[in-house]
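Provided herewith is a single structure, encoded as structure tokens, for subsequent inquiry.
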Amino acid sequence: SGDGGGNGDDEYPALGNYPIEGDTAMFGFNVPLSGPYSSEGEDELRAYELAVKHLNNGGGWVDNWDDLSGEGVLDYEIDYVEGDTATDASTADESASRMIQRDDVIMFAGGSSSAVAIAQQGVAQRENVMFTCCLTHSNDTTGQDCVRYSFREMFNAYMTGQALTPVVTEEYGDDLSFYQLYADYSWGKTVEESIRKFFGEAGWEEVNSVATPLDTSDFSSYLSEAQSSGADVLFLNHYGLDGANSLNQAIDAGIDEDMEIVMPLYNRPMAEAASSAIDGIYGTIAWDSQIDNEPSNSFTEFFGEEYDGRVPSGPAQLAYSGTLQYAAAVERAGTFYPPEVIRQLEGFEYDNIGMGDETMRACDHQAQRAIPVVRGLPESEQGDGQFFEIVDITSRDDVGYGCDEGPASQCELGEYGDE
Amino acid sequence: MSLLELDSVDSYYGESHILRDVSMHVEEGEICALLGRNGAGKTTTLRSIAGARPPTVRDGTITYKGRNITDLPTEDISALGISHVPEERRVFANLTVEENLHLAEVVSNPSNTWGRDIDFEHTGMTTEEVYDDFPRLGERASQQAGTLSGGEQQMLAIARALKQSTDLLMLDEPYEGLAPQIIETVENAIERIRDDGTTVLLVEQNAAAAMQIADRCYVVDQGAVVFSGSADELREDDETRQRYLGV
Amino acid sequence: MNILGDIIVLLVNGLQQGAIYVLLAIGLSIILGTLRFVNFAHGALYVIGAYAGLLIAQEISVSNGKLADWGYQTIGLDLGFLPALVFVPVFVFVVGLAMERYVARPFYDRPDTDQILVTFGLAIVVQEALHALVGGRSYKLVIPPEALGVIPLSGPTDIPFTAVSLGLWRLWVIVITAVLVLAVYAIVEYTDFGLVVKAGTRDPEMVRLLGIKITRPYIVMFGIGAALAGVAGVVGAPLSNINPEIGMSILVPAFLTVVIGGVGSIRGAVLGGTLIGMVQVALISLGSVSLLGITVNWTPWAQVGIYVLAVVVLLTRPQGLLGEEEVAA
Amino acid sequence: MSDEVQTPTEPESAEPGEQSPSLYERWAAVREQESTVAVLTILGVLLAPFVLVTVPDAIGLPSDLTWYNSLITLTLIWAIFAIGYDLLLGYTGLLSFGHAMFWGTAAYAAGIFSAEVFGSPIAMILAGTTVAVVLAWVIGWISLRRGGIYFAILTLAFGQMIYYIFLSPLSTVTGGENGFTGVEVGNLLGVIDLGSQVPFVPVAFVSNWMYVFAGTALVLAVVVGYRILNSPYGVVLRAIRENEQRAEFVGLNVWRYKLMSFIISGAFAGVAGSLYTIQRSYVPIENTLQWTVSGDIVVITVLGGAGSLFGAIFGAGLYMYVANIVSGMAGIGDFWHLILGVVFIVVVVTMPNGIWGGISWVREKSLLLPEAPTIARQKAANGRDWITSLVGGEDR
Amino acid sequence: MSTILETRDLVKEFGGLTATDDVNLQIQDGELLSLIGPNGAGKSTLINLITRMLEETSGDILFEGESITDLEPHEVVQRGVGKSFQTASIFPDLSVEENANIASLGAEHGSFRFNFLRHRDSYPEVAERTRDVLDAVELLPQKDVTAADLPYGDKRRLEIGIALASEPSLLLMDEPTAGMSPEETQETVDLIERVQEEMGLTILLVEHDMEIVFSISDRIAVLHQGDIIARGTPEEVQGDPDVQEAYLGGVEL
């Protein structure tokens, strides 16, 4: 094993897919190319491909990160396989197993749909192959379902609740009733819980909350129930195409005339799909090209250069940064041996991905970071890649929770594999 | 010229050679009987004439009114005036008696004829005339044909053929399952339509019954014609009767 | 509370949802009832209708799938909705003709299981071909501007009748369905054409022996069934996502509609479709109901309800609500 | 090898003047015996990893063309499922489109049982299978009221009903869309960790205890399946497939036999579903209860060869290879499912006994053995007709 | 002689039509009773009522003294009422031996048991019965032939063999010779007579061929518009003017 450019990287026992055979290190990118989150998935894949290109040949952030050389990782050339999760945990789980067994990937990444991410985390821990979360916003990912072999850059529903509550209550008042529709799986449920918790604490009262199946296309019956509930505010805890559909249909049915609508998590592809419907709608986003700082601006720029001027979405930024983050940790560890890489990432402090100062917390592998709160622009002001007004970038000091609090209190990371 | 002429016809079911070099002719206005034991090839002959597939006619020609019909599709042959009452009744179980009868005239409806190069006109019996002959059917007009008794179904199958515009009526074992008096009715009907100018080609197991009304007879055995002649000649030819008909 | 308004909305939503099932079920039912052909690829015709409608009406960008790899960034004619509504039935009709000729016809004489298997295979092939070509992502057919918008309902002022609004498009779907259903009903029930097809079901050779060219009525009947599925694809698309999988997922409720209504019965299909649509919508709208101190939340049962309906119908009336008992030959 | 069940024929030597049986015929007689079948299955299970993984690795075949160990285990599990399905489709002639429900409910039952009660793999299988059997009894009781196409449609519908029930109303128990993540597989017989290697046996032959476990289950499944076919049930089920009305009129309770066949088939699916949970330590909903699983098992069985137990096993192997290995190949990988669909249609049209049947047919043909059964022959002829009609032959 | 089957006031109505009207019929153990009557008289309906294919409107059917109206068709067969089918109804893809085997199994095993793990060879009674029956219908030499490949006449014989293998004490036959040539018919009649004798069967025969009916029947019952209008020995029935009028017409015998 490890012939060629092995860089002496065989001082550890075999574990998972370590050591790498040959001189190419294989990554696996498992993204939704079908199903309700496929727009996000396509953008993620673009970013992953770009990340591999930069890792091998330099360019992008690789040039600015001290840990990365731009000539592969530890002298291994990076190659990758891709898989379609179909926005579905089973398919993702199978696809991940295939990547590990058939393609011998040393790290795999992806997400979109927290159910998908959580399923893959399970595989990662079982197989001792590292997983890098991309878009997953459920509390459970770094809460009750957390694992040692996975790290999450994205914040979670709990933090969204913390960031959104002050902004929204200030705008609409602090004595209102609200109604929630939520996607019926891990993510939707934790958003629903967190909204209830934080808005409840702020003095709002929940009228009802109703689950809708993932991949619903016609929300009208659910919406008309919400409409006749008499609540003041409607939370649409939907994402991707589902989110665009439910928001569009809510506006079409004229619900915004009676109720305020809040979309706790949204993103650029959703905003594009919902277009005029997002006018005035509050929510949080992972990242947006409108955020003005050096890493963000450069990411927007080189992504656009690669892909015909396309403006990258938040999920793309997560995909790109996650891959580089992993590669940098490998370089720092001097090996692909997973336990060492994990140790490099635990407690790692960084400020290089455009979201200010961050820490990858060791106790639950959750990044501690700032959260952008946004509000949709009217159609007339949209365009030029602009969909939102960034209302606030809530500092990481104002959100988050201790290792013994909130979701983290349920987290048991499991073994490194070298004990 | 004969109304129908078979000239050295060879028919096959798949690879099995059934009719061997069959030649026969049916004259206008006669009742011609085709006799033979089980499996002799009687049904196969009628199906070959009617253009029903299988069997396939690989050799020889079938001429009707001077026209070669060997390779015409079934429906065109039928439209030329050959109607066929096949074995086993073949009524449309899911349709009523009346609808079954109505189907016999559908062919004459202009909207059903496009795409066909055969002309014909409807000269068959009317529904009323049919009910006169078979009052039983009149009583059962709106009953689903599948629920008729065996004999009633046989009547319906015959009646349906009589309703078609027919110059040549081919009957395959029409007496099967009929009670003795109904057999009489059918015999009478056959003789009457012959007298009205329709030619009849009758297939029967029951040689005795067939010879009663037939003008001429053919006997087939193992796919080949082994006898042809008038009914009287056959009655006198004991050897043929014993050997090929078992009577 | 706004009970009356809710009921109206529920009725319209239920009818519209049912209308899609009816359009599909009629095709399934006449093909099954008259041609004795079990078509598991009926959903594929629906998908084909939806994609055809999408490509006629709009221009879409393809981002994964082979078309994108081959350099087609965008495809579609961008002609608007009305042309789609006109051309799709014609197109799917032709697809139906081809399907009859090359798939169904050689299988009329083979056992049900073979028919199911081959059409199931065809359904897979259509789904996967679309998947490979345009990718798995979902598209949206935009509601035509003429039918966009809502009808605000407001009652007399003395009834507290808060505004409910009916999507105009839903009404359009209901009307289009009604017209088509009546037309097909007339053809099947009142013309020789329908009679011939029914007869041919049991004994095509006998029909030919009666001088009737059977292949044409068959193929036309199949085409009509297919065209209806195509229409369902177009009119249903603005209210649902379009992706390669929708064909299979709509097939089950469509079959249930047939089973509930009774095979071969157009009136049964209408009744069955309406019932299913209503049950689905009603369970969502029912929300939580407390009875005798037990609170049941009905919304999660919305998808389950239609199956329960089917089971109940089947146990009490095995031939379906308006189906006739089978008559053996 | 063909395993068309035949009544063991009496020794041909009874008729004088007959040639003594050829070697092939003797072999043909031997291989029908159950113990032979069992031994062959055991050998197959033992050699599979060596032949499919070790040897290709050793001779340097690229790893993206070859099997991997967990895939072989998975294939064994699907093969058990397929054997059970074949008993229903191939021998009784009932086409179920809802078999995912037995596989799936068993998977959930096994998973939930392990989390809530007891993690012993054997106990998990018992729990899962019991649930599948009970469910099969209920669903069969309702669905078998209507024959033919209704049965296919109803089983499809019930399958989806169970899926939706597990997805939403029961999501607090099942995990809904997330799947059930709390599976806790314990040790086999309290001591053997299924993930660990088997002592003394080289990994080249047996990767781990899980493989031994699944392999044993498969051998048992084959033996039991064979025994059923050789019991009165075997011939009764085939009689029902061929002429149901007549079977009723020789005094057979057709309905009960069909129900029994459905339940037996459900039990096999239950064993397989439970093993699936044990192997993955996770119960994903889409791959257990969604109708696509029912579709997969139909494809596997028909492709491999309905009406032959080894055909079903072969089908499982073929499908798993295409879905997991071919799908990763450059070029055709993206089209794997499409290709499978096309092949499936071709098989349905032209090969009534599936690919396995086709192989046996060719081999027997080349050995000038007696012709295939009539119906099979007829179907094959139909297939040829279909092709002629496609290329614009006779307008029938 | 005891009564093996008896119908009491058996009525079957289809909508407005009464197909059998208060039919009281007794069949004695060991006899061959023919049921004749015009088309549509209700003969097949009566048989279908006995086999429980049809549900009666009113009345009762007693077999060996017990009512069988609550039984399922297969249970009636279990009790000993067999039916031979008009068109050869066999299991085409199975061998001749398996065909008979199934029927013997039906007799032995029809009452559904859970013995799916017991090998077929361990039922010697079944094998023996199979052999006996094949012997009786003279198909033993062809036992390994696939049923579909038999000539038509042999198929009919096999069909009767299947009916016999299910161990009936009463055999119902609805027009067994329909579509047969005189020779074939004669063979079939001989077969029927022989098995009746050998196996001590009771037979209920429906037939339009008067030659057969009058030559082999012990007794004849005449059904007309759902009513039994005459019954008795062949001679008695033949002389009955009502029968002449309603059924036989001018047929001479």
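To keep things simple, chains are lettered A, B, C, D and E as they appear, and every chain counts its residues starting from 1.
Keep in mind that, in the parts below, contacts are C-beta pairs under 8 Å (C-beta built on N, C-alpha and C of every residue); 3 or more make two chains touch, one makes a residue touch a chain.
Computed from a predicted model, the values in this text were never measured in an experiment.
Q: Where centres are the averaged C-alpha coordinates, which chain has the largest centre distance to chain E?
A: When every chain centre is compared against chain E, the largest gap points to A.
Q: Farthest chain from chain D, comparing Cα centres?
A: Centroid comparison gives B as the farthest chain from chain D.
Q: Distance from the CA centroid of chain B to that of chain D, rounded to the nearest Å?
A: 51
Q: Could you grab the centroid distance between chain B and chain C? Build each centroid from C-alpha atoms only and quote it in angstrom.
A: So the centroids are 45 Å from each other.
Q: Could you put a whole-Å number on the gap between the CA centroids of chain A and chain C?
A: About 38 Å separates the centre of chain A from that of chain C.
Q: Distance between chain C and chain D based on Cα centroids, please, to the nearest Å.
A: Their C-alpha centroids are separated by 33 Å.
Q: Which residue numbers or ranges of chain B touch two or more of the other chains?
A: Counting only residues that touch two or more other chains, chain B contributes 73, 147.
Q: Could you list the positions in chain C whose residues touch two or more of the other chains?
A: Within chain C, the residues that touch at least two other chains are 131, 300, 303.
Q: Which chain D residues sit where two or more other chains touch them?
A: 167-168, 171, 395-396
Q: List the residues on chain E that touch chain D in their complex, please.
A: 51, 72-75, 77-78, 82-83, 85, 89-95, 97-98, 101-103, 105-107, 109-112, 114-121, 123, 126, 144, 146, 148-149, 162-163, 165-166
Q: Which chain D residues qualify as touching chain C in the complex?
A: Contact set of chain D toward chain C: 89, 93, 95, 97, 142, 145-146, 148-150, 152-154, 156-158, 160-161, 164-165, 167-169, 171, 291, 295, 298-299, 302, 334-335, 337-338, 340-342, 344-345, 348-349, 379, 382, 385-386, 389-390, 395-396.
Q: Can you list the chain D residues touching chain E in their complex?
A: 7-9, 224, 227-228, 230-236, 238-239, 242-243, 245-254, 256-257, 260, 264, 373-376
Q: Considering the complex alone, what residue numbers of chain A touch chain D?
A: 81, 88-91, 93-94, 97-98, 101-104, 114-115, 118-119, 122, 126, 145, 184-186, 211, 213-214
Q: Flag every residue of chain D that touches chain A in the complex, lowest number first.
A: Going through chain D, the ones touching chain A are 63-64, 68-71, 167-168, 171, 176-179, 181, 280-282, 284-288, 290, 324-325, 327-328.
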